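First the structure, which I've put down as structure tokens, then a few questions once you've had a look.
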Amino acid sequence: MWLFNSSVGKKVVMSVTGLALILFLTFHMTMNCVALFSAEGYEWICNFLGANWYAMVATIGLAILMVIHIVYAFWLTWTNRKARGAERYAVTARPKGVEFASRNMLVLGIIVFVGLFVHLFHFWSKMQLVELQGGEPAAGVELIRYTFSKWYNVLLYLIWFLALWFHLTHGFWSALQTIGFNNKKWYVRLKWISYIFVTLIMGGFATVLILFFCAEGLNWAIFPGLFQGLVG
Amino acid sequence: MDKNISFTLKVWRQRGPKEKGEFKSYYMEDIPGDTSFLEMLDILNEMLINRGEEPIVFDHDCREGICGMCSLYINGHPHGPATGATTCQIYMRRFHDGDIITVEPWRSAGFPVIRDLMVDRRAFDKIMAAGGYVSVNTGGVPDANAIPIPKEKADEAMDAAACIGCGACVAACKNGSAMLFVSAKVSQLALLPQGKVEAKRRVKAMLAKMDELGFGACTNTRACEAECPKCVSISNIARLNRQFIGAKFKD
Amino acid sequence: MENKIITKADAKIPEGPLAEKWTNYKAHQKLVNPANKRKLDVIIVGSGLAGASAAASLGALGFKVKCFCIQDSPRRAHSIAAQGGINAAKNYQNDGDSVYRLFYDTIKGGDYRAREANVYRLAEVSNAIIDQCVAQGVPFAREYGGLLDNRSFGGAQVSRTFYARGQTGQQLLLGAYSALMRQVHLGNVEMFTRCEMLDLVIIDGRARGIIYRDLVTGEIKRCSAHAVAIGTGGYGNTFFLSTNAMASNGSAAMQCYRKGALFANPAFAQIHPTCIPVHGDKQSKLTLMSESLRNDGRIWVPKKLEDAKKLQRGELNPNDIPDEDRDFYLERRYPAFGNLVPRDVASRAAKERCDKGFGVNNTGLAVFLDFKYAIERLGEDVVRQKYGNLFDMYEEITDVNPYHNPMMIFPAIHYTMGGIWVDYELMTSIPGLFAIGEANFSDHGANRLGASALMQGLADGYFVLPYTIQNYLSDQIQVPRFSTDLPEFDEAEKGVQARIDRLMAIKGNRSVDSIHKELGHIMWEFVGMGRTEASLREAIEKIEALEKVFYSDLRIPGDADTLNVELEKALRLEDFLEIGKLMAYDGLNREESCGGHFREEYQTPEGEALRRDDLFSYVACWQYEGQGKAPELIKEPLAYEYIKVQTRNYKN
């Protein structure tokens, strides 16, 4: 089967799972933004994605995507290191045009993965997991307000977002290249699309985070009329 | 007029594929700027021979940037600091007085060292033998003008065909991947109607051979493209991917 | 002295009218049936255009081919460096081209020293080469309509040159190389890379195998076959500095020569007019700037000697010399062809100006190739599009920007028209030994036209040898494969081993390159662009003296039974010394000026080459008489039946 035994096949698996995860992030970011504008709206979404069968299927699907993405990442890294040979260069230089992210995807990925566990502990374990165990899930907006009133959480999340940003700016473009969607004309366009799109997603996440910190941690009132979700 | 420079060369010396190698330093004095890098090594070798030592072994042949034989990794770059040039096209005026210049062989599992800076690149021939051709015998072909080919396509095919098979892409790649090399040939032939007929068979065969020979997978770092002496574009890799995925879905 | 003569019959030139000879030959030649082809082995030494195309074609026919090359891959052969293009008589431009005209131009360009029948065949098959290459996927330049583009080249008044940017040789070689690799994949061809032929094995008067050295392990090995073909290129590196690759050599040809193959016209070496001038004594090779530059560049030197002197001292910028003080000497002397005269004419004209003191660089050995006028006429963008890569290359090497300053060029040794003598079937004087491409004495006479080397190499490999070799092999089908344990192999291997031991045992003080450079100086000075009887005699003396140095003071570090680059070079240099003398002998014998061979005693009052058809209208074939002995001359008279022999005229 070519998805297992060819280098391009393996990369296609990475790409497709990666793109699906980006799609999930896009949705997640949109959902977070709702929390800014309306606490009720956010609660509704949280309820909608509770311990229902469709939410469970999606969660398990996500987990599987994640696992495949990670397993393939390690597999590819291992074979690639082997291909590099035992001897290393004494002097290495980064050629022009080669981005930092592209050479450090595994490391960035590991940071993202560790961050994910923190995130699951903060939110998922108190919401969907509790509900699955038959308990009453915590209210979404309250949890956000609580978590992001702490400066260290904010800092942690921002570092996590930055790693994700790097991971995704390369990942998004790279995924399209791997599935063959690129040529000389589209190269620059795709790079731009990738930067803009990923910055929008990560910017969305970061904005929600910072605004909640300002409102809860610093007690600033920011456009209370507009951001009703921030008003406790 | 070019100035003369003096510098230290750190050169990788290794007797054979299985033996341990090490760096040896050589001080080079008063080398004119219009000496090519390989001529500078000639001077060093002449010095070594006159001292009764064995000269440094390195691959080189045409010395005009087209045969793809020269293959030195200089100061962290395959083919040295210039872009779009092979090792033999590097001139000493690019370096400075007092520099330390480190020269290493291509390093990749696919290219074992033979001696010193000379590596074994026969793997590329094997990849080519797997499918890097149009299956026509000599004779019995149509007139050359029988199939018009759009100029843009012909030019793009030529861009890909400019590959000299030197292996700098593999040397530059942190994954030791030969994707740029393979994709250049796949692209050239896929772009032309003559090659399209067996495009699917070709891409599968060449890629399978590349994987089999232990080259790594492409992670799109673009180091290959940046270091390619013929500026072969990674858009060829996208085309290879497209062709390969398409062929696999057809199966 | 009564010389031996090679007759038309010896050269196996078929009967019948010129245009029908090849057709007749093919119609009546003997062939080998497919079942028998499998039983026949052919060794091809060399994997350039001729070797790779021959190996691929013979493999495709079903013969078992063993192909040898000294590089790590057949794709490295120096054919790859040909820039300009390949000629063919397609007449796609409707400018009056035809097989006959290509034939005529080639004979005329070769100064009437080539065999009519061979050249006509070359012109005839030229079109099939283009078809073949296109079918292989060679990305030739095209017009917007999708059809093939052509450019013009020196020595022709039609546009018949097909090209792939400035990398035509590369693309054609990669085409042949792919075809070769396909046959390797199919099991018809076995490649021996990094292996160098060191001797030819002859059994019962026929070429039956070779002794070769595995360059990586240093082992001496044997290989047998029913026939051997050498396609190992020319011997231009005798001059040390040439446009050839560093490893290009004439050794395979010399081994055949020592085993009895005749060596024809060794003095005919082509000096290419547009190379980057020599800059210092550490230089290892000369870089060619494509002849296509002469399409748009104008060649000049100052009219006034004082301007030239100032240029030589670096006191004057060439751009400050007004047009009226510039001597466009090619346009002045050859109005009809101007800057596009054949290579030998352009080279000699440059030498003539420099000899008179008009050279434009610090050594006084360079002329200008100026694109100022082309940039004024076409704009910098068009010039950049056409020649950008060449200009970049020039700037990298010289540190001078050719868009703003005229390029400096000077002639350099480029191609050797001479080589192993072959008959119409490309078979040498040793039965079963064939020579193809630049290695044979070829179809270019005394001078090769631009874009004809690629044509000849591929013609021999794709369309001539695969036919003619069958005529030889057809009666070999009963001959079983040879064992390499035969005494002839033992003896040849012993000879090779003795030769290596001899060189290794010298343990002197001189490196191979230092002696080779000295040989190069002798060649360039005494057997170069202008030769005289005295200079040629002096050359022979000097080379003999240098040989003594070689055999007494050579130093080869390392061991013979492992990779040893110095040993490889020493073996090749030993042969270059022999070739150098052979060139001088031939030059001495040929008391006329023709093509690449210019004897200063024989020139017209205007300084043009003076051919002496009554005395020298023959191929000079040299037979080896043993080391240290003068070779014996055998003549093959050239009787022109279909072309009127004229003085070459590029003036009007």
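As written, the chains take the letters A, B and C, and residue 1 is the first residue of each chain.
We take it that a residue touches a chain if its C-beta (ideal position, glycine included) is under 8 Å from a C-beta of that chain, and two chains touch if they have at least 3 such contacts.
Here the structure is a predicted model, which means the values were calculated and not measured.
Undergrad: A-B versus B-C: which interface comes out with more C-beta contact pairs?
TA: When the contacts at A-B and B-C are counted, B-C has more.
Undergrad: From the Cα centroids, identify the chain that ends up most central relative to all protein Cα atoms.
TA: B
Undergrad: Roughly how far is chain A from chain C, going centre to centre by Cα mean, in whole Å?
TA: Distance between chain centres, rounded to whole Å: 63 Å.
Undergrad: Taking the mean of the CA coordinates per chain, how far is chain A from chain B in Å?
TA: Here chain A and chain B have centroids separated by 38 Å.
Undergrad: In angstrom, rounded to a whole number, how far apart do the mean CA points of chain B and chain C lie?
TA: Taking the average C-alpha coordinate of chain B and of chain C, the gap between them is 27 Å.
Undergrad: Can you name the residues of chain B that touch chain A in the complex?
TA: Those in contact with chain A are residues 10, 21, 23, 73, 75-77, 83, 102, 104, 107-111, 113, 156, 172, 174-177, 179, 207-208, 210-211, 214-223, 225-227, 233-235, 237-246, 248.
Undergrad: Which residues, counting only chain A, touch chain B once they are in their complex?
TA: Its residues touching chain B are 2, 5-12, 76, 79-93, 95-99, 102-103, 105, 170, 173-174, 177-184, 187.
Undergrad: Using the touch definition up top, name the residues of chain C that touch chain B in the complex.
TA: 53, 56-57, 60, 71-78, 80-81, 90, 92, 127-128, 130-148, 164-165, 167, 169-171, 174, 177-179, 181-182, 184-185, 191, 193, 216, 245-247, 279-280, 282-285, 287-288, 392-393, 396-399, 462-463, 466, 509, 511, 513-514, 555, 557-558, 563, 565-566
Undergrad: Please output the residues of chain B touching chain C within their complex, sorted ascending.
TA: 2, 32-36, 38-39, 42-43, 46, 48-50, 52-55, 57, 59-69, 82, 84-85, 89, 91, 93, 114-115, 118, 120-122, 124-125, 128-139, 141-145, 147-151, 154-155, 157-158, 161-162, 164-165, 188-189, 192, 194-195
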